[in-house]
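Next come two complexes, and both contain chain A; in the first it sits with chain B, in the second with chain C.
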Partner chain A sequence: MTLAERLTRLRYNRVPDHLLGEILAKNWTDNLVPFAFLIVVVATFGTLLPGFFSTASVIDTTRQLGEFLIVVIGLTVVIIGGGIDLSVGSIFALSAFSTLMTIYVGGASPGVALAAALGSGALFGAFNGFLVGYLRLRAFLTTLVTLIIGRSLYDILITTWGTRLQSSPIFNDSFDAIGMNSVAGLPISAWIAVAFTILAHLMMSRSRMGWHFTAVGGARRSAYNVGIDVRRAVFLTYVISGVSSGLAGYLFAARLSGVGPGTGWGLELSALTAAVVGGNSLGGGRGSIPKGLMGALAVLLTTNGLIRMGAGTGTSQMVVGLMLAAAIILDVRWLKNRHKVLSEVYVAPLHHAMQPAVSAQPGSGTSYALNDALASAEPIALGTVEGPEDVILDADDNLYAGTRHGEIVRWFAPDYTRSEVFSHIGGFPLGLAMDRAGQIVTCVGAMGLYGVSKAGEVTELATETRRSLLSVVDDARLRDPNDCDIGPDGRIWFTDSTTRYDAHDWALDSIESRPTGRLLVHDPKTGKTRTVLKKLRYANGVCLSHDGQSLLIAESWACTVHRYWIAGPKEGQLETVIRDMPGYPDNINRASDGTYWMAWLGMRTPSFDLALRHPAMRRRMTRNLPQDEWLFPNINTGGVVKFDDTGRIIATMGDLGGAAHPMVTSIREHKGWLYIGGILNNRIGRIRLPGADPDWTSWESYWGARP
Partner chain B sequence: MTTTQRLRPRATQEGIVLLMALLLFAGFTVTLDGFLSAANLLNIVRSVSVLGVLAAGMAIVVIGRGIDLSMISIMVVTVAIQLQVMHGGWSTGAAMALAVAIALGLGAMNGYMVAYAGVSALFATLASGAFIFGFVRSQILRQDSITLPDDATTLLALGSARVLGLPLDVLAFAFVVVLGWAALRWTRQGRFLYLMGDNFQAARTTGIPVRPLIVVSFMASAVLAWAAGLTSAISLQSVNTRIVNSTLLYDVILVVVIGGIGLSGGKGGMRNVVVGAFLIGVLLNGMTILNLPNIHQNLIRSVILLAAIILDGQLNPRDEQTSQQGDI
Partner chain C sequence: MNLLDRILDPFRGRAITIPPYDGAWRPNTALDTARPVAALPGADNLCADGAGVVWLSAGPELLRLEGDAPVAVARYGAEITALCAGADGALLVALDDGGLFLRRGDAQEDVRGLLPRRVSVTAAMADGAGFLLAEGSASHAASDWPRALMARAGDGALWHIDPGAGRAERVAGGLAFPAGLARTAQGAPVVAEAFAHRIATPDGSRPLLERIPGYPGRLSPAAGDGWWLAVFAPRNRLIELVLREDRYRADMVAQVPPEYWIAPALHSGASFLEPLQRGGVRTMGVRKPWAPSRSYGLVALLDAGLRPQASFHSRADGQRHGATAVLDHAGRRLIALKGAGEVIELTGDLP
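What follows is the complex of A and B.
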């Protein structure tokens, strides 16, 4: 290796480029910009205004913040649900008015007043919710009009009752205390706001109702299709917003013991700005209570700061308008371009120097030399099956394979012309195995490990494992379960090819060549799943050895087969059986003569081997070229390889023309025939194995020999 | 159109509103003294002229499936700047050119946000309205109210001029309606605007320059906002920036919606503006003669607007196929 290549290797294999993409893929990155903005606001006013952080100033701010925050949170819930509530200012004013009426005209206790405030808020909110949710009116205009209705109503009420309120002889100390007193240094209203925020956050993030709101806001039609009562959910968001504004109005009334003509005027604009500046997307589905909190802080500090700096009429309106426009434009652009940015930075290739391989050229005389044996395979289900990644046969010789449509299909012996859908899985079934009872176990792409009983009933076995401590990407999830086999004790060993890409993006994983594949084991007795091995370059086929002491694992992008000992003196050890093959290995299965069959999904090419040593070139390639023009593993020619326990290659077969079996992903020997599957193929092939035991079945030899 | 539809004419909103207006008109004629006098009838028309000009601008945007909530801000701001520079010694023509240029610029800004930045028209114009007024009021204008300068003789003369006994604001409304009707009916852009409002995606796919068209529609509404402001300033001899905080904007939307221009776009025209303005004019005039306090009038008008929106929602239900996710 030259010095330049060593430096390249150092640069690309030591600098964790992949983390940037993984972090950007997280939903919480949406919070970074609002958070940075909040910091800038605090820093700016903290510097410009002396005494901005003094205790008196902070307490004064928190008093107002409490009310404002509660309003913003109600609005945030509506926005997450896909609507908008502009009438918050009117609800706020009306609730404050009903609070004061109850106390100073009705002479009731603060508790009754609270009920009155919340009740009028809920009533107004229910009115909005009925119009928008059940009558399906456009939220913006409807609440704009109810804003005016509420405001006119308030104006009429305050004109009629204003003097009586002001000249009321009643004094209510406990009511005043709510507005004036502090507990542990914070005003009561601030404590209420904190409790309310936590409650709202729990509701949105942990409760069924909150999830329904998010679902409705994110995709109304889909929410309806999965059975959510969409209209009721929308209705409830407005009720929640009404109650929030009612509570805020109550606190306002308690703080000032009075209302004026301007109470709550313009509140909708600043509350809306706060919700959006915090990063809640208008249109719904994307947002959270903490975002509302950040936005409320940023907007309130800004407007308060401007007032204290002595800015003139209209300034705060200007700033709020500017913030709103900027936040919406930023949000729209970010939503639109997020996936582009992500796809630009997500792929982070490594330097990977493949060692020279033995030639597989036909006629080269090596043990890997491909012949044309697979070309004459007898086709089964030609043109009617799509993507049989793996095939398996039962005791009655019936043939099973997973298909791209999310089903396991059964073809009936002896001629395999009749078929039925054996079981509908819903995801793409990849590797198949059969346990002692004859039940099928399958790795379903992007879903997990599932069991299918003889009657075709599906049970979930494993869909997650323990999360690694330092992984940014969520590796608890099984992203690409690929192949499985079952140990003599019933434990199911299976591979998860990569934690960074979905199954259909396997080409990107090969281009990146980052070892993130895993070997996992699921114990049906305890129901627990455990990660056994990590850092495999596309962990693929897995197969128990004939003696049940170890398992063979294919590492596709490393062109290597490993043996992992699960019993005996070497238990827990990993050793390499075959290295530097000329093809990319896929599934491995047992053969009748005590050896193993291995499928090759494709062949190495000098060009791609060279590309693997130039990570910068591969990164430029994925960024600048359309997918059709990328260099990735050649899958136009695959093959079948037979090897023994020592790793010696016994035979190699191929399809040189590529018409019948270009890419081979699995093979299964059964009663003297070899069945061949391919994930992109339109058939299952079978060839007769001359000299093979005509009665041997994999299940009988493996399970039949074990008591 | 199918046969059954032709045989049974549907009760269009425009028809209903016209009928309501006529009934109201008849009712006031019978019950209110002096309602039918020529002076009062002129009053009715005058009272809605400025509103009508604004509604014509709003109608253009709404037909293209947009909405312009910044119209009042633009109206106040352009006229206030025009009068302020005239106080500073600018000629009437130069000041007017400046005001029009500002209006066009602000309209283009709105249009840019909607068409190119992809922000929904509601939010874009809500934000720009607040920003425009806040900026101009805090940075440029010195007081809330600006009068017409005494030496602006042309404008002052226009205020008292009568053509066929009709004052300037009525003529302005009539002129705008005819011009708007011709533009929507006879120009290619006018026809495109309907197609764009009816099915945006189809218009875009057909190759209609939808983005420039959106910008132009917002520029048109901004210029009409300025025209309405100037007309009002000429007849009142001054402009008060505080009307930004009034319910004028909702009256404009009320005229448009109640006249039958569906908020989902692609429907209606200047005739609907006239019908809507007529109903509002009769209503306002009747309520004023009945001596209802302003705050009660606001309540009644907003309830009517809500009823109109509910009716609009029933007559023009939102099309789930062409409306987009997040279209609120």
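What follows is the complex of A and C.
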């Protein structure tokens, strides 16, 4: 290796480039920009204005914050639900007015006043909700109209009743206390706001109703299709917004004990700014209550700070307007480009120097030399099966395979022309194994390990393992469970190929060549799942040796087969059985003569092997080219390899033209036949094995009486 | 702007694009459904002389087409890379190793000595009493064009020889692998620069057709007006990337056998050691026709102003790739497919 290549290796294998993509893939990255903005606001005014964060100042701020925050939260709910509510200022003013009327004209208690405030807010919100939700008018224009109507109504009321309110002889101490008093250092209104925020957050993130709002805002049609009452959900968001404004108006009235013509004027602009600056997307479906909180803090601190610095109302309005514009631009740009950025930075290739392989060229005379034996395989289910990654047969010779439609299909012996859906799992069933009771155990892509009883009933066996301490991606999840086998004690050993890519993107893992594959074991007796081996380059096939003492494990992108001892004196040790193959190994299964069959999912090519030593080139490839143009290992030609316990290669078969079996992902010997599956194929093939034991079955080999 | 782009590019990544098959280049399967004439491995050149004899070449072999049957006439010491009938009925035969012969009946004259150095000719065209010769690259033989491309050779030239007067002169130089010759409506010579994907005047001052979605090769006159263009290989975005990746390309040229390079080719898919791109993965028994491919079959009909009028394709899932010559003669439109090793005939009306 040259010095330059060593440096490249150091650069790409030591610097954790992959973390950037993993962090960007997290939903909480949406919060980073508003959070950074909030920090900047706090730092700026904290430095420019001495005493800005003194106790008195903070308490005064929190008093205003309480009311403002509640309005922003209500508006946030509407925005998440895909709408907009411009009438919050009018509702706020009307509720404050009805509060004061109830107390100072009606002489009622603060409790009744609260009911009046919330009631008028809810009523107004329901009016909005009815128009937008049920009559399906446009939210922007509708709430603009109700903004004007509400404001006019308020103006009429305040000119008619304003004098009576101001000259009212009633004093209500408990009402004033709500506005003036503090509990444990914080104003009561702030406590109410905190409680309200927590409640709203729980509602949005943990309740059915909140999830419905998010679903409706994200994709109205899909929400409708899954059975959500879309109109009702939209209606409810406006009611919630109205109630929030009502509560805020009540607190405002309690704080000032009066209203004027300017009450709630311009509140919709600052509340909208707060919600959007916090990172809630105006398109709906993306947002959260904490975002609303951050936005409310940022906007309130900015306006207060500007006023304290002596800026006029015009200036502070202008700044708020500019903040809104900036936030909207950022929101649109980010939403539009986030997936592009993510797909460009997610693949983080490593330097990986493969050793030269023995040639598999036909006629090269090596034990790996491919022939055309699989081209003449007898097709089963040609054109009707899609993606039989693995195949297995039961005691009655019926054939089972998973399909990409999320089913396990059974073909009936002896001619396999009749079939039925044996069970529907939902995820893509990959590796299959059969336990002592005849239950099928399967690794389901992106889901986990599942069992399917003889009656076709599906049970979940394992869907998670212990999370690594320092991994950014949630590696407790089984992202790409691939193949499984069952030990003599009933423990199920299975592989999870990669923690970086979803099951359907499995081949992208080869471009990165990052070892994140794992071997896991599930114990049905305890129900526990444990990670046994890590850092495998696409852990793939797993097969129990004939003596039941060890497992053979295929490491696809390393072109290597390992042996892991699960019993006997070497228990827990890992050794390499076959290395530097010319093909990428997939599933491994037992052969009748005490050896093993291995599928090759593809072949190494000189250009790809070379590209593995040029991570920078691969990186630019993933950034500058669309995925369809990326260089791949040759997964259009596969094969079947037979090897023994020492790793000696006994035979190799292939389909050079690739018309019948281009990629082979599994093989299963059964009564003198070899059944062949391929994850991208449209058939299952079988070839007669001359000289093989015509009575041998895999199940007998595992569970039958031992001689 | 240029400087700013160069500073920003490492951070933002710039998409590599190639011209799409659109407009007159819209894909079809016309080559796949064309009438087979003869299977002839290495079929490369096609030309007709004044007497109406159709000549063709396959590797070092010179053949005559009688009806649909190729009949071997002569065998040369190297691959024949250009054939051209002169004004006086002589047939010019150019070889990969620089050999240059004038055949008159069974007699032939070695005219290699006219040229001051070895010139591996990629295409020839009669010009007055003599010939115009396109030299793909001064540093690479005509058949070694993939290596020339990987070296980004821009040292092609245009020669004029006049065997009668015993003269030869270099008309133009610095061309990006000229591989075809034609004339404008006014009679001025133009050259197809394969690596620049364009047809232009030899001095490069006036491009007549740019952004060709492949590597343009030989041009031949069409019946009536216009020209036939054989596009011998497709453009491919991964290859364009490799052409920018100097370190990877240098290692590839040094360590990988040429048939397995990430480079355009006349045919592909013969070996599992060839590179594969994601779009080319065979899924449910199907290879997409629009999959990225190293080889392609493409012939275009250009008008007298060398603007494309129609095109005839064999796509990524087809077999008739690597078209190197078209002969529109006596009512037949013959196409030599060097990649597929076949001569075919386009029948029926042209669009």
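We adopt the following convention: the second predicted complex is superposed on the first by the 700 of 707 C-alpha atoms of A that agree within 3 Å, B and C clash if a C-alpha of one lies under 4 Å from a C-alpha of the other, contacts with A are read in each partner's own complex, and residues count from 1 in each chain.
In this text, a contact is a pair of C-beta atoms (placed from the backbone, for glycine too) under 8 Å apart; a residue touches a chain by one contact, two chains touch by 3 or more.
Please read all numbers here as calculations on a predicted model, not as lab measurements.
Overlaying the two complexes via chain A leaves chain B and chain C side by side, clear of any clash.
Once the two complexes are laid over each other on the shared chain, residue contacts for A:K525 go to neither chain B nor chain C. Once chain A of one complex is fitted onto chain A of the other, the partner contacts of A:R220 are limited to chain B, with no touch recorded for chain C.
After overlaying the two complexes on the shared chain, residue contacts for A:R333 are found with chain B alone; chain C is out of touch.
The vertex angle at chain A, taken between the C-alpha centres of chain B and chain C once both structures are aligned on chain A, is 80 degrees to the nearest 10.
The gap separating chain B from chain C in the superposed three-chain model is 16 Å, by closest C-alpha atoms.
The residues of chain A lying in touch with chain C in their complex are 344, 360-361, 370, 383, 386-387, 507, 603, 605-608, 610-611, 613-614, 616-617, 620-621, 623-637, 656, 658-659, 662-663, 680-683.
Across the complex, chain C meets chain A through its residues 13-16, 236-238, 241, 245, 247-248, 251-252, 255-257, 260-262, 271-285, 291-292.
Interface residues of chain A facing chain B in the complex, by the touch rule stated above, are 82-84, 131, 135-142, 144-146, 148-149, 151-153, 155-156, 159, 219-221, 265, 269, 272-273, 281-284, 311-322, 324-325, 328-329, 332-333, 336. Within the complex formed with chain A, the chain B residues making contact are 67, 113, 117-120, 122-124, 126-139, 144, 245, 247, 250, 253, 263, 295-296, 298-299, 302-303, 305-306, 309-310, 313, 317-318, 320, 325-328.
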